[in-house]
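Can you read through this structure? Questions will come right after.
So that you can tell them apart, the chains are marked A, B, C, D, E and F in the order they are listed, and the count of residues begins at 1 in each.
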Amino acid sequence: MVYLTRLEHFNAAHKLYNPQWSHEQNEAVFGACANENWHGHNFDLYVTVKGEVEEATGFLIDVKKLKALILQYVIEPLDHKNLNQDVPFLKNKMCSTENLAIAIWEQLQPQLPDHITLHCVKIYETPRICVEYYGE
Amino acid sequence: MVYLTRLEHFNAAHKLYNPQWSHEQNEAVFGACANENWHGHNFDLYVTVKGEVEEATGFLIDVKKLKALILQYVIEPLDHKNLNQDVPFLKNKMCSTENLAIAIWEQLQPQLPDHITLHCVKIYETPRICVEYYGE
Amino acid sequence: MVYLTRLEHFNAAHKLYNPQWSHEQNEAVFGACANENWHGHNFDLYVTVKGEVEEATGFLIDVKKLKALILQYVIEPLDHKNLNQDVPFLKNKMCSTENLAIAIWEQLQPQLPDHITLHCVKIYETPRICVEYYGE
Amino acid sequence: MVYLTRLEHFNAAHKLYNPQWSHEQNEAVFGACANENWHGHNFDLYVTVKGEVEEATGFLIDVKKLKALILQYVIEPLDHKNLNQDVPFLKNKMCSTENLAIAIWEQLQPQLPDHITLHCVKIYETPRICVEYYGE
Amino acid sequence: MVYLTRLEHFNAAHKLYNPQWSHEQNEAVFGACANENWHGHNFDLYVTVKGEVEEATGFLIDVKKLKALILQYVIEPLDHKNLNQDVPFLKNKMCSTENLAIAIWEQLQPQLPDHITLHCVKIYETPRICVEYYGE
Amino acid sequence: MVYLTRLEHFNAAHKLYNPQWSHEQNEAVFGACANENWHGHNFDLYVTVKGEVEEATGFLIDVKKLKALILQYVIEPLDHKNLNQDVPFLKNKMCSTENLAIAIWEQLQPQLPDHITLHCVKIYETPRICVEYYGE
């Protein structure tokens, strides 16, 4: 079994804001991240899949195919978007990096071919903060 | 003469949108960057100053002082903000990285102590796009 | 369950030197790292915690709180210090990166809130050498 | 138990080409990577070993010894080489990064001292594509 | 005047080999780089242009247009190629990084729109070796 | 004319301490950097030389020769050393990064072959602080 990781990027706006709380409560918990006018990030997304190597190609999966799936199901809905407003699969969720990782897993997992398994979704929100989700 | 560079970061939302143009014109020119709901970036800011080394300290300038000036006059007004809406010194300007570099120069230059000279403001919008401004 | 990682830095001096050995033995084993006058590094510290996402915030833990704990219990005692001489929790230990990782784990683990679990302490001594410790 | 990782580099040419297929089939599957005149990469190799810390040294293994073993058994046969033509231990294998990781594991594992265990061979083919192999 | 830099990548095989010299002379001068079976690199290419900011857009040049020109005139002829054999504009040149930088300048400079000026072509052959060319 | 840059590393201990000042004055000016027990860094050193390309080799200078000169005259005296105590060419100088850059220039410049010119010595003390010196 080998593990293959592909890095993709997306740039997006978001805010951390619980609509069931007052403005003051949001500021107290989320600080500058609660700015109602939004802020944003360059997100780095590492997708890791695992499985057996195909003998004829030496590939787990052609990385161009994996890239195409990530672009179609994850990057296109997220890149240059407002995570709170523009993304159907984040609707009514707090836009934390934790929830983003879980949502990307749920978005991508059903689209992968049968012979590979999604192993990890890892997101760097900044070079100093990252979140990993392994599907459970 | 030596050159000293300090790196700071800020995260912000923006859009590229000329209010004198139609929505269609904005989309044609700026593409995904014109998303009315904003997108955002982790900006890396490199500030370079130059001057003579002080004999008693071996310093051009104490980098803690340079850092404090950059934080006060540049990072605080920009970090976790919406560049188009929240930043007085970007009012009525197109929020391109080019204009951002020029505005940061104009913001920071008058605040530096006399014995050093601002040499360059360099901004990475993404790891693949950067802009430099040398004050003229 | 999600994993959240925070990167912090510290700069410190150290030497690798077993006081029960002769100078020659130390030089034979540790080479340049045994320089009695010390050398030093920029250490990169990645702390990974794991647990469940809180529904109201979307957070595993507020990363600002995690950062504050790492700064108080790890970075402040280590940064701009001599690891062999200035750090109570390294007293009488060989100052290898291996021992440093274990000591940081022991320092930080009791300070974390109950709802999260320390998963990994990872230290880069240089960009080419890193050590990970998972608590057992 | 601690984990120690050492990064080494090698630069090499390769192509992805199955000699049992027609030229057209190779181009259809491997695209630009099938260029008969070769292309190449700067490969980053991370070798992770695990085990117990020695009390007298604070080391899992002296990283200089680990480096010497990686250089002798892996980097020397691969660096500035043509992976398809020059490397005995890749003979008759598809030169994918997946197979390269497995081959490096098999090359290095028997050479390590008894008190440490090879944990992972990780190769970055580009900054956006990496493969990990854990020996099974 | 502002400076805008765009980073692109290409992967290629090459060798350093002067066909007017004996094999021994080539090995003596170029060492492992003279391997007749080729080796290769991930090249990082930074293209810097300079000029005035357009008022309506805030742009020096739309970075998507600059990217398209670099891809068409530089990356497409070089990526996944053998620099010595596959690239018309390197024909009969020694494939050093120095000559590569000059050749990329000559390739790209005539294609740029009139209102911007090519300032610098910078190539990283490895993370530790880079070459810059400013057109004279 | 082309510019060639080589990156080398060294790890060292130092402190910022003016022996003509009181302990309190040193602490007031240099803060944590004045720790009498030393601290340290991984320094990144970029040496840039310039000149004409040799036709027979395509080289400005064989980068292996440049590397050997940097190792002999700069890295060997600095690596795994105490900058304040162990380095003859830093004797009686404040060990700031500014002075280190100037001292490395003076150390390296006389050793370069006639056909190339030293252009810049650039040192990163941390990933966020760098100093450049151009010889005047």
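The rule we apply is simple: a residue touches a chain if its C-beta (ideal position, glycine included) is under 8 Å from a C-beta of that chain, and two chains touch if they have at least 3 such contacts.
These figures come from a predicted structure and were not determined experimentally.
Path length between subunit B and subunit C in the touching-chain graph (shortest route): 2. Minimum number of contact steps separating subunit C from subunit F: 1. In this assembly, the chain whose C-alpha centre lies farthest from subunit E is C. Taking CA atoms, the transformation carrying subunit C onto subunit E includes a rotation by 180°, reported to the nearest 5. Relative to the C-alpha centre of subunit D, the farthest chain centre belongs to B. Per-chain Cα centroids separate subunit B from subunit F by 29 Å.
Each chain gets a centre from the mean of its Cα atoms; for subunit A and subunit F, those two points are 41 Å apart.
Contact with two or more other chains is made by residues 127 of subunit A. Screening every pair of chains for touch gives A-B, A-C, A-D, B-E, B-F, C-D, C-F, D-E, E-F. Every residue of subunit E that touches subunit F in the complex is listed here, in rising order: 16, 18, 20-21, 29-31, 93-99, 101-102, 127-134, 136. Considering their complex, residues 1-8, 53, 55-60, 62-64 of subunit B touch subunit F.
Within the complex, the subunit C residues that touch subunit F are 9, 11-14, 32-33, 35, 37-42, 79-82, 85-86, 126-127.
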